[in-house]
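Structures incoming, each one as structure tokens.
Each of the next two complexes has subunit A plus one more chain, namely subunit B in the first and subunit C in the second.
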Partner chain A sequence: MKARVRRWLEEGTVDVFIGYRQVDGHPLPYCFTRENLDALDGLINSPARYALEKIATHLASRQPDLKIGILSLDTNRRALNVLGIWNQINPENITTVDADDAASGVATPDDMRTFEPVVPGPYKQQVGIDNAMSPADAEAFDQSERFSRWMYEFEKCIKCYGCRNICPVCFCRECSLEHRDLIGTGPLPPDVPIFHLVRAVHMAGRCIDCGLCEEACPADISLRLLYRKVNQILDNVFEYQTGSDPGQPPFSLLGNQVTLEPKPLDADK
Partner chain B sequence: MTNSIAEIEDAGCIFIIGSNTTACHPLIARRVYRAKEKGAKLIVADPRRIQLSRFADVAVQHRLGSDVALLNGMMHLIIANGWQAADYIQERTEDYAELEKTVREYTPEKVAAITGVSVDDIQHMAEIYATNSPAALLYAMGITQHTTGVDNVKSCCNLAMLCGNVGVAGGGVNPLRGQNNVQGACDMGGLPNVYSGYQLVNDIKSNEKFAKAWGRPLPDKPGLPVTAMIPAMLEGKLKALYVIGENPKLSDPDRNHLNHALEKLDFLLVQDIFLSETAQAADVVLAACSMAEKEGTFTNTERRCMRIRKAIDPLADTLPDWQILCRLSSALGYEMNYADPEAIFNEMAALTPSYAGMTYARLGLDGLQWPCPNADHPGTPYLHRHQFARGKGKFHAIGFLEPAELPDDEFPYFLTTGRMFAHFHTGTMTRISPNLNVEQTTGYVEIHPDDALAEEIRDGDMLTIASRRGEMEAPARITPTVRPGTLFLPMHFGENPTNILTSAEALDPIAKIPEFKVSAVKIRKFSEQMGKIPEETGAADPVEADAAAGSR
Partner chain C sequence: MECELVPSVCSYCGTGCGVLFEVIDKELAGTLPMKTHPVNEGKLCIKGWNLHEHINSPLRLKQPLVRSFGRFLKTGWDEAIAIAARRFREIIDQYGPESVGVLVSAKITNEENYLAMKLARAVLGTNSVDHCARL
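Moving on to the complex of A and B:
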């Protein structure tokens, strides 16, 4: 992997390569450059995960022509598909190294792994939503119990925005979560459940089920499960599998087919 | 903290008193949530109903300033039921008999009368704390910012020792420090009576050691605490003040009194990264750079010393604090020349036993927790493991004392002050961050729906709040999270300067900390709410309005 990335940087296939570097025992995201090829000695395939493609979107927004290499797991690739569809990156400028590719010379990682997995304790299982539940199991509770269990989770929220900030596909310039008319400000917890439901709705067509939101959440709220339910609805109702295909259109509640004749914009003239 | 942050997850019981942990120490709250979900019991005692109260096995709202009575009441019941750790008390502590004698007077009925907490709840608190070892006790400014601050802390220690919770993993007495490096600042001797590592300036051996290291004779008398500097300014005994990284115009009590004192100064020098309210009043401002622009170390609340690393060069004409201090010292005639912060660290470590084993290389990314007395020492996750630092753990028999000021006919409300989650201290850093400021753009005063109804106050009405020291305005936020008869003001907002109301004379006799948490005030309506008045939500009945507003 190191030799391949070095070659890419030297030959100009990529201008920068975003991967991980081991620092004092911690795998940290790192941007490798042609100017500092020696740093590649420290390139590793991390046991932790990070939204490397989010760094790519920040770089691309400043230097649209920059050619970027990224160490990628399956989730990174799904996120890159979504970001390409929504014009946050130009897929032509992105080259990936498969972290789970045997040729990369590193062990195959588990896509679903978490750095510090939430092990739901007995109290959480009793009154909250077990993070490891399937959407079907979470829906098996009767309505009032389901509501109280989800509210237990939401009421832990400390409004740190970690879920949004880590999210590889959260890129809106104006965020509905900060819109005072939608969500009240001031006390903790934030307005529940609306804070979490607004974010859940906005995950439609975006969430690629990487689970980083849940890893980032200091309150261990079962966010991944919540957004999985959103994805399930998208699949069942709209037959849309977010991030599955770089050629798919952006998700729209109105559907993909235009059924009305377009009207000329200058009709008044 | 006697113990470490991560250990909280493994506690059998967590007792939080005087700390709004989710708002002020969110990453410690994370450990509390996890402990609770793993099966730990949670007790919350706070005059306000805080977010963590929702998750507590027992949550009580004791009357402001009644902490000693509440803790004595718990100890009374623990001893009455024989739940105390008899062997631990016998082997590791002293003066237990006096404690037992004192707390015997604090019957549940008497404590209920003082604190407003029911006998049942006190019973539950005592039983849960005593029977779910190890029990971690967490506190913050709600314990310390009282005329009885030292008594409150000692009472917390009494309770913890009574149940054998000091010197064990997952237990301890854990003050949650308010700033990233306030522990480090104290460790480095940023106090009037000590050198680094709490070596006393009036101890001959320490004094000689530092005098030799620095090549000058050093004063052998403690300096003044902040709260004594202000009277000294007024008396003309203190003529120049050098303020580094503080904004006393908002953070110190009795603002009018302080302003008066500042005007008496011949010279005010302020060193800060932003032009705070205090910097605006300075004769000279020295522009320091931020933590992202410098190298050094911070020591956090769990005694963990960690390196910070420069991300960018200092912007504009700013310098790291250490360079400003070195230049100033050199200009004043004492040459200070260091190659870099590491050289300063090495000098400090050589003079400070609790840091003696630390080097930049050893700190790495994770840092080390003091005491770390030699180069092979792994650091200390929790203190007092085999024996207390002083030998035996000393019980202090402490009686309850009222706060300096209680409500009366003229000033009928209790006022307490504190923080909210989006802002930090006097807001110099957070109020200029758009993402944080959007959460709370101005001050407010929390008032219970019953009081709002009686005073015909609607949500958002501008109130004038007055104490014996002065008055200020803030919009009303009607909320059942405060008790009837008690108001809460956050201290972050310069346009609603809460500390106009607090007293600079109500100090703890030992620590000299002001009683920010208890004042007596009166309110009157300054103006009606200027925005829309939502008639349809039944604003005339705040209780209903509150219910309609959901969790608020």
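Moving on to the complex of A and C:
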């Protein structure tokens, strides 16, 4: 695998390869280039996930014809599909390497600490929403309890914008969460649940269920579960599975086909 | 195209969260939380998330300013320090060393805080040393 990436860099199939490398004892994202081929010996797969495709969009926005290789998991590939659909990257310039593939030869070092699933504390279990719940479990509470449990989660928010900043598919230049007339930056505490519901609605057709938002949330809000519900609605109502196919059209609430008979412009003559 | 992810420590407060600076072509393009850092475990507050904004801000102060007739004028370090020292001298001579206090910061290192304390006690002669994180 390392040999393949090396060959790609040498032959110019990719100009830069984004993977992971151990730096100062931490597995960190690393951009491998033609100028520094020896660094490839340190190419690893990291147990700590980063949004590598977001780094790729930053590179592509500066140099659109740059050919980028990415070490990818399922989530990275779904994110790349969405980013391609929304014209943030050109899929023709992207080459991926499967990090799941045992034959890829990119090892996860044994001595690196892996993330244990977080067990919610007793208070969160009592009054909040367990992050590991399925959307169906979370909906099993009666309405008033469900509302109070979700409000408990949302009220913890410190409005760090971390969920948006880390999101691989959040790329808008203007964000509703920052717009003066909608939510606005600055005032604390944030408007709950509006802040979170606005973001949840905007995740329709974008969220690829990578869970990075929940990992980045300092208040441990069950964001992934919330966006899972959004994806479930998308699947049930619109039959749209976000990121499943690079050829799918961008999600539109109005549907993809015009069902009204188009009227000729001179119809009244 | 050169892209580097540089591990660092957030300079904002005394907590010491691990951050990753996204440096593209020698320009700071973004800040990420370091996932494996023992302090913050992949989380950041809003100040940490926006570290790169401070560095690239056109409002960033890059040289000392001296207030003269109500206006801030750009000056060099030697002149600024000389003016500050002269004013300290005047104030201490007139009102005594207890009239001066030193406010240190969580944004500088432990060692620099120690030196500031030393300056306050040994040079200025005041015990009034306080810190922005003493809430």
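Rule of thumb we're sticking to: the second predicted complex is superposed on the first by the 243 of 269 C-alpha atoms of A that agree within 3 Å, B and C clash if a C-alpha of one lies under 4 Å from a C-alpha of the other, contacts with A are read in each partner's own complex, and residues count from 1 in each chain.
We take it that a residue touches a chain if its C-beta (ideal position, glycine included) is under 8 Å from a C-beta of that chain, and two chains touch if they have at least 3 such contacts.
Because the structure is predicted, anything quoted here is derived from the model rather than measured.
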Overlay on subunit A: subunit C relative to subunit B, clash or fit: clash
A:Glu145 touches, of subunit B and subunit C: first, second, both or neither? neither
Touching partner for A:Glu178 - first (subunit B), second (subunit C), both, neither: first
Partner chain(s) touched by A:Ile166 [first = subunit B, second = subunit C, both, neither]: second
Touching partner for A:Pro218 - first (subunit B), second (subunit C), both, neither: both
Which of subunit B and subunit C A:Lys156 touches, first, second, both or neither: first
Which of subunit B and subunit C A:Val23 touches, first, second, both or neither: both
First, second, both or neither for A:Tyr50, with subunit B first and subunit C second: second
Contacts of A:Gln63 with subunit B and subunit C, given as first, second, both or neither: second
Subunit B and subunit C footprints on subunit A, overlapping residues: 23-24, 26, 158-161, 218
Residue ranges of subunit A in contact with subunit B within the complex: 23-26, 120-124, 128, 155-156, 158-161, 178, 180, 184-189, 191-192, 218-220
Subunit A partner contacts - residues on subunit C that touch it in the complex: 1-5, 7, 18, 20, 22, 24-25, 29-30, 32-37, 42-46, 49
List of subunit B residues in touch with subunit A within their complex: 22-23, 26-27, 29-30, 33-34, 36-39, 51, 54-55, 364-366, 420-422, 435, 438-440, 444, 477, 479, 481, 550-552
Footprint of subunit C on subunit A - complex, ascending: 15-16, 18, 23-24, 26-31, 33, 48-50, 55, 58-59, 62-63, 66, 112-113, 158-162, 165-166, 215-218
